[in-house]
Amino acid sequence: MKVGFVGQGKMGVPMTLNLIWDGHEVTVFNRTREKTQAAAEEGARVVESPAQAADGADVVVTILSDDAAVEAVVFAEDGVLGGLGKGAVHASMSTIGVATTRRLAEAHQAAGQGFVAAPVFGRPEAAEASKLWVVAAGPADMVERCQPVFAAVGYGVSKVGEDATRAAVLKLASNFVLASAIEALAEAIALVRKHGIDPRELLDVVNTRVIRSPFYENYGTIITDERYEPAGFSLELGLKDVTLALRAAEESGASLPLAALVRDRFQTAVSRGWGEIDWAGLGRVSSDAAGLGSARGAD
Amino acid sequence: MKVGFVGQGKMGVPMTLNLIWDGHEVTVFNRTREKTQAAAEEGARVVESPAQAADGADVVVTILSDDAAVEAVVFAEDGVLGGLGKGAVHASMSTIGVATTRRLAEAHQAAGQGFVAAPVFGRPEAAEASKLWVVAAGPADMVERCQPVFAAVGYGVSKVGEDATRAAVLKLASNFVLASAIEALAEAIALVRKHGIDPRELLDVVNTRVIRSPFYENYGTIITDERYEPAGFSLELGLKDVTLALRAAEESGASLPLAALVRDRFQTAVSRGWGEIDWAGLGRVSSDAAGLGSARGAD
Amino acid sequence: MKVGFVGQGKMGVPMTLNLIWDGHEVTVFNRTREKTQAAAEEGARVVESPAQAADGADVVVTILSDDAAVEAVVFAEDGVLGGLGKGAVHASMSTIGVATTRRLAEAHQAAGQGFVAAPVFGRPEAAEASKLWVVAAGPADMVERCQPVFAAVGYGVSKVGEDATRAAVLKLASNFVLASAIEALAEAIALVRKHGIDPRELLDVVNTRVIRSPFYENYGTIITDERYEPAGFSLELGLKDVTLALRAAEESGASLPLAALVRDRFQTAVSRGWGEIDWAGLGRVSSDAAGLGSARGAD
Amino acid sequence: MKVGFVGQGKMGVPMTLNLIWDGHEVTVFNRTREKTQAAAEEGARVVESPAQAADGADVVVTILSDDAAVEAVVFAEDGVLGGLGKGAVHASMSTIGVATTRRLAEAHQAAGQGFVAAPVFGRPEAAEASKLWVVAAGPADMVERCQPVFAAVGYGVSKVGEDATRAAVLKLASNFVLASAIEALAEAIALVRKHGIDPRELLDVVNTRVIRSPFYENYGTIITDERYEPAGFSLELGLKDVTLALRAAEESGASLPLAALVRDRFQTAVSRGWGEIDWAGLGRVSSDAAGLGSARGAD
């Protein structure tokens, strides 16, 4: 299949490689051209604009850092919207807001093109291993059209309806639930450390015996070890996603006090200059607010 | 082994029965005598005071609703402290505060008695099935002495040190982590419902694919179905536990903004008259704050 | 002076009348035409579009309910931007966001027109009495040009700089401070009521003796008396303004946990259907969360 | 009148001097004896125990740092309770909790002594100038008995009822309202600073024009100037008082989310080592969370 791919960041590169290795004919675009080198070496064609990446593609994928970046590559003069053929599909695989998702769906529909919102779960390691999970929403035939792409990058798809915004809402609500779990771990770990208890004992009790989640195990360990670098998913992205979840709540009139609190913790971390570390770095906010030095010595 | 058992509530009754069925000689006390009937029918001796329950016991267990109740049965004139023999052990299996735990440990030590803090994880169904998990702290030989009791009521023990307060801290920190997960689910479910999405789709994405926790599955389903009665663990008890976690944080100087928020949600629920429903009833606070009627119709 | 006036809501009508009574030649536009009747009876010319209101005016004032409404009347085909003459000034007197303010300033500048952000403090009664306070930012000569308008509707002006966004930031930060004071009063009044104490005693102590503010006196009394209707400034508008303060914080990277909390309280109130009552209705959220019935009997 | 005075801290010393200068015969006790020197030089008799300070006094005043300190001087073997004569009165002028206040009232009543809760408003400078405001609750004749003391240290008294706990509730609710105002100022000032605006402009708008409170003026200026030392009232005391307000809310079943948030901010400040600076130091928490350096240069 002919696949256009816009965005060669931490997620985009391994996804592109997996598409190539799965036999697809891939055309890539990235604003910073040097990041397309890995894909080029594996045989991707590198082009000069999002429009060229979309041109002739069955499916054009975008995976970019935020809503503004997606809107830029889609609506620009030499953007995806202009280059994509009638009947071809734009699969938006970043986590973006509900309003932006709606705008994209409407614009593509008006242009006789397909649009599928298909944000993914998984950190860069999962992308490398083709182990992402896709949450897809859009017209059934369009989602079907994207299936080979999803198969190349992930191990499964939740199809959540015809309205693209549903995928956005579900992804944002999910990321908020995950961020809340990290914040709870961050605070609970600070609490037990203040009582002189090794956080591993906490994880052994609350996760091994009750919650039993690999997610808690992973993040509990990162916070315990204070291994916030390299970031799998940065604090800055965490801030973006919880902010978007709050926007979705504003739009629909839900009250999310916990999301507001977690957003503020991310904001504090980013404003203090920690935006590039892993979002587990909420642990640093809590340990700092508890007057704990770093457990690892020099910080 | 001779076991004294003080407290015949939702947890105490099945625990007592399991002790009897395991072959122990059990003496029970409960303030409201009629609740001792189930134990009496299985062969327990029913006595008139906590002191009598402790008298002659190898281990006396207390499992009561709050710190004040435990202090009352221990320090009263006819209390556990007065009745327990030298070298015998008091296993406190309720979830109680750090300061109370310290007070109990000191009082028993001064009296030449043993004290083990041994709060348990598990709802009444788990107690019935001998499937509690015990978090025990105290002098190693005393914990050893309690082993037959733990074996009768649970499927395992985390031994977390010699200082009894460690078990209290770990149990409270854990319950705070669990309560936070419920609050996050409550808010996220309200959010997706406001967007017209069935919360089961959210659980299918965030839990089945990422968190993979039976705890999330269970509570996510309770909130989705709004089946808050009968309560396995009530909102009132949730309020008590998160309040005690905050007390532990006060004592040690940790900042727990999320615990403060969750405590306020429990307080709101209790003040509005919902204290007796399951602590998953945080879902009602969120759905109400979002202007959602009950999903189950008449409420 | 020739003044165009767009917006005939609770604030717009008395401001328009004061302009007329001050001798200005006023042209008014309002989407719902019937609301222009009061102004028409006093001699205003009623027109069919924002462009017509702006056409020939020295200053065109907009005072509308939210950012979207202002953008609509300015950027529409028959909008203010199209109708306003070169060198004439748009004085935006609503409380709107920083980003919208910036957009307006840039658009007017590009069109060779002046723009002054001039949000006002004061409830409708103050507007009737020409007792608003204006916070104005924009090029000094443009602010000067608006002076006769400000003099007609208010008793003074804080000139806060050449950059229009400064007025927006200061107004939003101020409204957040005011909303926080109301929330604090709401919670403190619920607290003393739960202890059986008349809230008037609280006001007598904390305000009469320490804070000494007419604002606290006014809002403390409204909450004590639960006189939330008619609204001087609605909960819905409070929600809008604190949301915009949070947007300003997002843009600049400030952490505002109290603003996030207050926003959530407004959201809860609005989602529960109380959006039209006075923003002092935060008192209802707190009294409800405390399980207090209405102090005034039937509610 | 014969006055016993227990506590020679920042408030106790000037209050004692004013009592002496008003012609009262004053006996003082302080744990650290050297702090009694100022009073001794003005003619106070210095004694060795709280009991001796109370012995023979018409009124014995306590003003100490927290509940534990008050309970210690009252209930100790050589405490106030043992030394005070029948019919004499203990005026507790510290800000202490509702439960402690109730315990004191009951103990003194059982001993045939009077008890008046009489916490004061005002910083040390106000104490020096006899400009405190007293909030007094207790049996009317006992409050009357204390009148000469109140007259010597303050400029007026709010008499709030016969039940001593009422004074405690009103003082705690008031201090929470004040702390919330400081937190709002702290956040709003961080917000405008992030937008490059001098916070004095904010104060000029929101306080000079709307709130019109000397309290806001004072704290707004302290935060703007970052003059957190010397502390008039420390962050540690702010933490204590808001914690006690939350305890009062727990006891009565009120939900105070804003108090919970403000308490957490105080906790963060104290845990980070800033407990001794003025409670206006909440400004440092907000400016730090916004990534702002100190406005005063080296910090």
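Each chain carries a letter (A, B, C and D) given by its place in the written order, and its residues are counted from 1.
Assume a contact is a pair of C-beta atoms (placed from the backbone, for glycine too) under 8 Å apart; a residue touches a chain by one contact, two chains touch by 3 or more.
What you see is a predicted model; the values in this text were computed from it and never measured.
Asker: Work out the mean Cα position per chain and let me know which chain is farthest from subunit C.
Answerer: B
Asker: Applying the document's contact definition, name the chain pair with more C-beta pairs in contact, A-D or A-C.
Answerer: Result: the pair with more contacts is A-C.
Asker: Roughly how many whole angstrom separate the Cα centroids of subunit C and subunit D?
Answerer: Chain centres of subunit C and subunit D, defined by C-alpha means, are spaced 38 Å apart.
Asker: Centroid from C-alpha atoms only, then distance subunit A to subunit C, rounded to Å. What do you get?
Answerer: 38
Asker: Centroid from C-alpha atoms only, then distance subunit A to subunit D, rounded to Å. What do you get?
Answerer: 50
Asker: Residues of subunit C that touch two or more other chains: which are they?
Answerer: 249, 253-257, 261, 267-268, 271, 289-291
Asker: Using the touch definition up top, name the residues of subunit A that touch subunit B in the complex.
Answerer: Subunit A reaches subunit B through residues 98, 121, 133, 135, 156, 158, 160-161, 165-166, 169-171, 173-174, 176-178, 180-181, 183-185, 187-188, 190-192, 194-195, 197, 201-202, 204-206, 209-216, 245, 248-249, 252-259, 261-262, 265, 286, 289-291.
Asker: Contact residues on subunit A for subunit D in the complex?
Answerer: 257, 267-268, 271-273, 288-291
Asker: Going by the contact rule set out above, which residues of subunit D touch subunit B in the complex?
Answerer: Going by the criterion above, the answer is residues 243, 249-250, 253-257, 260-261, 263-264, 267-268, 270-271.
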